[in-house]
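Both complexes below contain subunit A, partnered by subunit B and then by subunit C.
== the complex of A and B ==
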């Protein structure tokens, strides 16, 4: 017999290193010869989209296309330290560093433009389409390329380096009181499962994910993170097991260590919830880790709702579910 | 609405096209002239002293050098928090998979062949695999000191008094499993010397600037002489925070003067990088008859295996998140990180906060059922909102749209009758 059940779970997640440890990201912005803008950061692209999001943040400040940004992040001899690609911290931390550095770069760019345009002050200058222009008289303008050429002749470089440090406090060792993380990211996931009471197999037939993001930098990439996080969480809940025996990993290949495939996953309905965080770049918060957290408990709660058994030890394999159904389930 | 040009737009990934076209170069795709290949000999015992004899293996034609702890030019240690890993074990192994020797040969085949000729004589010592056992004073010690790496305490209000006020109390014990990141690209790296004496390590990593420091210390070189090239990374999820092959290939290139490459297969990769901490979670949660949470007590024990890696930070994060996103006046949480002879655990997506809701979110549903209210109601009754105060006393001053998340999901998932049960 197949029985259906629904379950929800919520979570909060403190992003960043935390506990008062200096969480610093540094970014360097430079005007390149052809008028392109380079962003140098030590932020690794692990597939989470750092290159794209950091380019979006940087280009937004100058009002240029992301194609006009060259993002350099592969070489320690060419990049400043932007911390680890972990703790869901790159969009928030390095994103802030890029934004601040780009704002500082823009000031310098305006100073150069002032000279080039023969103005008395840089007040009222703006940028658009790789041009710097006077808002009250747009004909008064120069291009990034012209500025770059002038600087090259003078053998000068236009660059700005800035850092951002997240705010946390160290907790008291006896009471644990303090402000260990910031910002926190929230979410609620719901699933509907179908449990086969004869085999113990669980099928996830519906999934709904509401994810707080502060401000969405790139909705498609957020949805990608939710898809991946959900898959990882489903594997954690239902399949994954190293088969540890006296320190030996029995399941050390993918024929034995079972991770979900697309066939194990339903269509995931996603809700991106925006509530901008004032300390984040354009309001953004990290979501890389949070997206997987509520999956397992939502599935476990749905299994209970379906067949009345509580699985207290992961993973919820068919064997465990079947045994629990036999001893006390509501079938 | 805002008028952003690029923010909030579904712009294509800047690295997307290259990846889709299969043109992106991962470390394994990089080759150099005159390149040598490495193979790592790893421990087959979880806890033992050993003696190594490389004399036969060294004689094999095509073998250029076999690195052991004696060859290390700097400090034979590394680690993200405590330097408790040895680059190559000196006399003791603490888990199956500990690196003992690194064979460098003209071909991968020769390196593997030579590996089989290395003789290891183990003197087994008693091992411990259960963190609760490992916490006992008379347990075998993985490192010199106590196996308890860390103890986090959170105290708020008074749980004894709190539980007396509760109409319902739920006590359960939960356990999560040790799992792998299962990233697509197994560890691979290439190291070579540049003409000016710079040692280049080309490997996929999450934190190149930290690897640079760890490699420099282990090789006894100034940081400026180490350059990390971090080409495309085939997934990480926390599994590329600790050093794996970087120092081995760096030392190989430094001592042979030739490029050295290593590629782990999937089986080796499982042993090479960290795992997710399995947590033993003992929970006691109490609420009044309206479903308002009054008190929570939790004891959380995390098995970090043979090395600490990020255990302190992971179990701290477990402790801080142990209440779930709920305001509770009386809280007592103790979380511990403990050494055992299991594979070592470190960072993995969610970092100690992923395990917690397996316990605390099931507790919520159990309480709700006992009180005859719905899972939605009990969460809305207690969830963090703007200006809520966490168990650590932190004020959530802004951007707390949790109730909105709950309402949106619940409305779509449940029928009206399922949301309100009481």
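== the complex of A and C ==
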């Protein structure tokens, strides 16, 4: 017999290193010869979209197209340290560093523009389309390229380096109390499963994922992260088992260590919840790890709802589910 | 050593190879088609997928000799960087790529599907890429991309029909 059940789970997750550990990202912004703007950060791209998001943040501050940004990363001889691509921290931490460095760079750019345009002050200067212009008299303007050419003649470089340090406090070692992380990311997932009471097999037939993101920098990539997190969580809940025996991994190949295929997953309904974080770059927070967390508990709750058994050890394989159904004497 | 003839991405090759050379090694090491990725090396992950006579195969499981007299398409034969295939364009447009390692295989599985079935359902698409494992994307954006590419290809097909 096939039985259906629904389950939900909520989670909150502190991003960054936390617990008082210094969590620092540094970014360097430079005006390049042709008037392009380079961002140097030691942030690693592993497919999560750090390069895209950091370029977006930088281009937003200067009002330029993303194509006018040259992003230099993953080369420690050329970039400052921006910490690890871990702890779901790059968008928030390095994103903040890029934003602050770009704002600092813009001030310097305005000072150069002031000299070049023969102005009294840099007040009222703005940037758009790789131009610096006076808001009250837009004909008074220069271009990034002109500024770059002037600097090249003078053998000078225009650059700004700034760091961002996340605010974290250490927990009390005696009581374990405190506020170890900032910020936190929240989510709530719901799934519907169908459990075959004869074979113990679980099919996920519906999934709804609501994810708080602060501000959605790049909705398509956020959806991609949610999809991927759901797949990892589903594999963790139902299939994936290293099979450690005396310190050795028994399931050391894909024929034994089963990860979900496209056929094992339902269509995932995604809801991006925006509630800008005041300390985040344009309000954004990290979601890399959070998107994975509620999946397994939601699935296990749905299994309970379907067949009345609590699975307490992952993965919830057909054998374990059948065993649990038998010993509970239910269904 | 043994002589084989085969056609890769429209070009004929006449080669002398070791009898036990795998197809993936011929493609990558001898012919330089490094877009074909080796993942597990035992036919489970699909990263090394190529199209052989219209069908997808795991190039890590085939001996190069088995490709004698046959036509092979690798990712290099699908499109060039400045002239992408609609499937590749669609993958880029719709956020289908994260780390990218499975993507050449995914694109080839998609190509083999759309060559046979011009208007696949999402279930058909999931079936077609079920031999290609992906650890990053959860497959959904890849399914979206293949579905959208099928629409673009159908539209182009009907347009070129009208021109005739």
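Keep in mind that, in the parts below, the second predicted complex is superposed on the first by the 329 of 331 C-alpha atoms of A that agree within 3 Å, B and C clash if a C-alpha of one lies under 4 Å from a C-alpha of the other, contacts with A are read in each partner's own complex, and residues count from 1 in each chain.
Everything below uses one rule, namely that a contact is a pair of C-beta atoms (placed from the backbone, for glycine too) under 8 Å apart; a residue touches a chain by one contact, two chains touch by 3 or more.
Because the structure is a prediction, the values reported are computed rather than measured.
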Combined model on subunit A: subunit C and subunit B, fit or clash: fit
Touched partner set for A:147, first subunit B, second subunit C, both or neither: neither
Subunit B versus subunit C as contact partner of A:178, first or second or both or neither: first
Contacts of A:253 with subunit B and subunit C, given as first, second, both or neither: both
Contacts of A:46 with subunit B and subunit C, given as first, second, both or neither: both
Touched partner set for A:261, first subunit B, second subunit C, both or neither: second
Touching partner for A:221 - first (subunit B), second (subunit C), both, neither: both
Touching partner for A:230 - first (subunit B), second (subunit C), both, neither: second
Smallest separation of CA atoms, subunit C relative to subunit B, angstrom: 5
Residues of subunit A that lie at the interface with subunit B and also at the interface with subunit C: 46-47, 49, 220-221, 229, 232, 253-254, 259
Touch list for subunit C against partner subunit A, complex: 40, 42, 44-45, 94-100, 122, 125-127, 129-143
Subunit A residues within the subunit C interface of the complex: 46-49, 220-221, 223-224, 226-232, 253-255, 259, 261-263, 265, 267-268
Residue ranges of subunit A in contact with subunit B within the complex: 6-14, 17-19, 42, 44-47, 49, 51-52, 55-57, 59-60, 63, 65-66, 71, 73-77, 79, 81-87, 171, 173-181, 183-184, 186-190, 192, 206, 208-212, 214-221, 229, 232-233, 235-236, 240-242, 244, 246-249, 252-254, 257, 259, 269, 271, 273, 275-278, 282-283, 285, 288-290, 292-294, 296-298, 300-301, 304, 310, 312-315
Residues of subunit B that touch subunit A when the two form their complex: 4-16, 46-47, 95-97, 127, 129, 152-156, 172-180, 182, 198, 205-210, 212, 226-238, 240-241, 266-267, 270-271, 275, 313, 316-317, 319-321, 324-325, 333, 341-343, 347, 349-351, 353-354, 357-358, 361-362, 365-366, 375-376, 379, 383-384, 391-396, 398-402, 404-406, 408-410, 412-414, 418
